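Below are two complexes that have subunit A in common, paired first with subunit B and then with subunit C.
What follows is the complex of A and B.
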């Protein structure tokens, strides 16, 4: 049903010819010091950086181009130009007790940076390796729910707006921005088609590559081969100009996305404060581990993978719990999907079980068609974290579901509620410390690695117990 | 061609024999209705009674644990079965009142002598020790158990019997798994598939008969 809300919003956007806001609160932290990083790879060389633009919100970019990134020296020169910018930025964030944030244009650009981070941290050059390690912080965090370290502008915008096109089409930042701020008096689809002619990811246009860039790179290489320094500088300058025409609009579009998301129309979201504190703590641990010499492997061991996947699962739970509690739109989606029980109180009794022992019971009715609830589950009042109800029964009668339960916590708070009041009940407050407890438990459990997840399978050890003539018959007598 | 009962008995004998021979692990593939739980029941009883081992049975849910406990609790010799549950869990009346089922909530109460203890995978993963506590671990519906969850309980016993239906959908993991998508032994993969990828020499057996599917469908599954 949550998808239904998305479909309705898209239909509305298509009808209006303009993106529609789908939330009222901010969905992403924008660090005032966040770095905008726009990189272009060379066609067919996905792990190269042909050009990079780096800067901040409201600041013009610094641009560096490697005329031919297939030459290692040219590529390393560009990367080593970048290193101090990240080293200094990370050091500053660490000193300030905050976390660095990198903005890229789209998920494609995010994937490019992540791939580069993985590749660079296994190079032999210690400085290039260091850049890879620093980028790995952002890359490793990017798939984790609620992370604020590496932000794709398209993903951030899509969390705030619905457009009248498909999700994948929203991945073009120019098209997405056109939906959000459509040009007056023009057909939206024509305007979007025009916007899409400008590259917005990590790659240049193939026709531009073939007609302009590749010949220029070939001439540059020939001049270098011939030892013609003037021609070499001339062609390097041409390549720089060509790539600047591509990279500057991407950088500017990312800045524009940030400006849109920084508008005062987006109300504060307390869930983001929690996520910000979590991100800062993650960053502090990451830097401590780098200082301590821990290296990040390319492939995870079974044990490391177990820790990582559990961390991701807990992050999903906690982000959902925080959003449902603090974000109106998330709560509405929860009510639509049945993750949140939105019920009217139809019964509330204080039952005497024994002298001085009472139990408070409640019954709620709801027209919600799909409820993700089962007996034994504990649900919490999302507007009063003191009140917890343990579900004892769920019954569907006609168009309504009746949910009965026992108040486990907040008996006084329960008695303040009246018959007819509507309450939202859902998951517990996010419990970030639960991950720490679970990791401690996992460390205990995995102190001795099981053979099943190690290299060597042990040999069979036959039983010395007497063997009956017919194994099956012997067992059947026990069943 | 042998009759279905003979085929089923042959497969069961093979599984029981593998336990006599001390196979470190067996993956038993079973189509729906082929008698998975019946096999788990027999392997567990042979382990505890005939081989005098400490046997743990892993289920995926409490409901499955209750079902296995009911079946094992009805054993012919009145042998006591232990059900390891979380404190405060509401138990069905027939389980609570069963004369052969003992409920245990604390790790310290798990019997040290030969016996059978049933619990769900999540409960087992919270045992606060890294030591081996059992001789045999039987995982029921193992194709529903992701490998990282299996890892957390695998060192509780040196021998494993993983029973399940390979035709089931992959275990549900509620997070982004792109990092491991290309790893056939990744943490999100079902525990039998990951185990066989790491140790191709692990014994594999299949139950040939299904009471629910016809022969062609069993072959396809």
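What follows is the complex of A and C.
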């Protein structure tokens, strides 16, 4: 059903000729001070910035163009123009105890910024290197679940809307916006096809390059070579104008995406407050590490990679736990997929085990078919974090599953519930400190690199324990 | 003209054949179910040619900036008798100091003429024969070799970037040079797979050549080499002897269906019709999917056709799979809305119930 939900949303969008909302609450924080960064690279030169437009929501962009970014001096001039903008912005965020946020048009543009960050922080120029380091914060955060530092407008819109086209086609911001705000009286598919002709990523159109940009760049380089200052300035101006016609619509579309996501239609989402606090904490740590002079390597060591993988996995769990609690859509999807038990209380007993020792037992029934539950698992009331139930048994009776368990925490809260009440139970509250505890444990265990990461194979150590007769059965008993 | 060539000439309907090359042949494997693409490639055309010469539209072009970079990187590796390429192989230990024999086939016959193309083919074959005979003078690096791959009984020429083998190795591996930056784990995996498949086309050609010479085709192995560039520099990064079994398998599968496809294609067309007719192109069955945009210039046409036909693929691969029981998007819409004729079978009835339940859930989630 969860998969079909996405398909039905797309069908509805196609039927209406307009994107349909798939959530009712905000899925992303929009920092009022967020920077919109639109950059164009030269085709093939992934680590170049041919033009950049930078600004904020509701503010016209400042634009800077490097006539030929393949020349290092031109490129560095543009990058050094950008550095103070980010340095000041990061410093302001730090002073305010918040985090910086960068909005780009699409995942392609996001990848371009990440590529640049990786490249620039290894240049010899200390200022350009500093810009690379600052961008690395956004780049490193971008693959982490729930991050709010580097936002692709297409990803943010797709978290709120479904369109009547393919998922990959949603990566074109112009097409996506056309679905969301379709032009009146026009066929939506024709309007989308028209929108797709306008570049919205990090590169210019190859035919535009061939017909206009490349000849202009060639003339600019010739004028420079000939020492013709007037011609050089003239061609630089032409290149600026050409690139502005490309970059301005991308910047404006990103602004429009932010405006759409800022509409009052989207209700507040408490999960985002939690994610915002986490982001601010991450940013503070990142900047402290820069102050302390820790370097940012291109490739992580095996140990650092292990830590980062654990952090990412923990982030996925925590974001899911927070969303299931505070985001109605995530809760409903969880109930559909069976990660959330939505059950009716059919039994509740307080059993005396010994003098002054009681146990509260509960039985819930649910029609959910694909329930992801096992005996021994602890599930928490999603609307009252005090109540925790340890599952002791799951039984399917006809169209219903019966889940019985012992109340581990929140016995008083359990007694306040009535027979017939419907409760949602799911994973524990997000535990953001868990990774810190895990890191401490991993540090000890990984103090010596394990044999899997060394050239020497350890000698075989025969087990002293008796071998079970049925190995498979023994393994299954462990589960 | 061989009978197959005559059939292909008829299929092209007067359009000049082009060398589709390894990249063109590789594209067939990306969408093996697309009869339109296969017909075009097998006939010795490319989707871009069809766009330009048959449909009369502007063809896709490569950015001159990207082209300059690609050519410059290739020159950097292959100029000076392939010195840079040899160095990177030595540094990585894939070639020993004595493995220094390099031949650039393009130097033998550099022009883009019919005669020179044949000379390049012959020279490549002669050099490979040396290796097959175990001749110690066989080159370790053959730059710009020209091989042939027979599909539907017709030879398709492919010019690879290079072939490599140390003196100790029994035969050559195909190698490709790409100007993508190597970004470690962040390198686009689709680009890497595509490069491997392109090299794998060379491996298939080597296998055919070995088999023609009465040698086991397996001698060509299942490994390919790739050279990328370091980010923001022209330093080469070598990925030697990379496993390409899956790329070889997908190519072999796609190409093995080709002989019967030529018959099928001819049967699909009206008598005397050819691919030079836009109506014939539009009439060939296609298989539009989400990855077409990456490699086929005809994707917009195929998408428009899929939209007009109400093919569920226009909503994505997941929709096409989930709505398969309905047969078409229009029918799926009817089942969703509970209109039209009642479900034809149990599969449709189940789908209708699930779609309606999902729709209610969507309503609850989005507007709740």
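Operating definition for what follows: the second predicted complex is superposed on the first by the 447 of 479 C-alpha atoms of A that agree within 3 Å, B and C clash if a C-alpha of one lies under 4 Å from a C-alpha of the other, contacts with A are read in each partner's own complex, and residues count from 1 in each chain.
Going forward, contacts are C-beta pairs under 8 Å (C-beta built on N, C-alpha and C of every residue); 3 or more make two chains touch, one makes a residue touch a chain.
Remember, it's a predicted structure, so these values are computed and weren't measured experimentally.
In the superposition on chain A, contact of A:453 is made with subunit B only, not with subunit C. In the superposition on chain A, A:207 makes contact with subunit C only, while subunit B stays out of contact range. Contact with neither subunit B nor subunit C is seen for A:324 once the two complexes are overlaid on the shared chain. Within the superposed three-chain model, A:193 lies in touch with subunit C and out of touch with subunit B [touch as defined at top]. Shared-chain residue A:332: touches subunit C; no touch with subunit B. In the superposed model, A:43 makes contact with subunit C only, not with subunit B.
In the overlay built on the shared chain, the residue A:166 is in contact with subunit C alone; subunit B does not reach it. When the two complexes are overlaid on their common chain A, residue A:309 makes contact with subunit B while staying clear of subunit C. Of the two partner chains, neither subunit B nor subunit C is touched by A:102.
Taken together, the two complexes place residues 299 of subunit A in contact with subunit B and also with subunit C.
Listing the residues of subunit A that touch subunit C in their complex gives 1, 3-12, 14-15, 20-24, 42-47, 111, 114-115, 118-119, 164-168, 189, 193, 203-204, 206-207, 209-210, 213-214, 217, 298-299, 328-329, 332-333, 336. Every residue of subunit B that touches subunit A in the complex is listed here, in rising order: 9, 12-13, 16-17, 19-25, 41-42, 45-46, 49-52, 75-77, 79, 89-90, 125-132, 146-148, 150-155, 158, 160, 173-180, 183, 185-188, 195, 198-199, 201-202. For subunit C in complex with subunit A, the touching residues are 58, 60-70, 179, 181, 183-184, 186, 231-232, 290-291, 293, 300, 304, 307, 313-319, 322-323, 329, 332-333, 336, 354-355, 357-359, 361-362, 364-368. Within the complex formed with subunit B, the residues of subunit A that make contact are 143-145, 299-300, 302-303, 305-306, 308-310, 312-313, 315-317, 375-376, 441-442, 444-453, 457-463, 465, 467-468, 471-472, 474-479.
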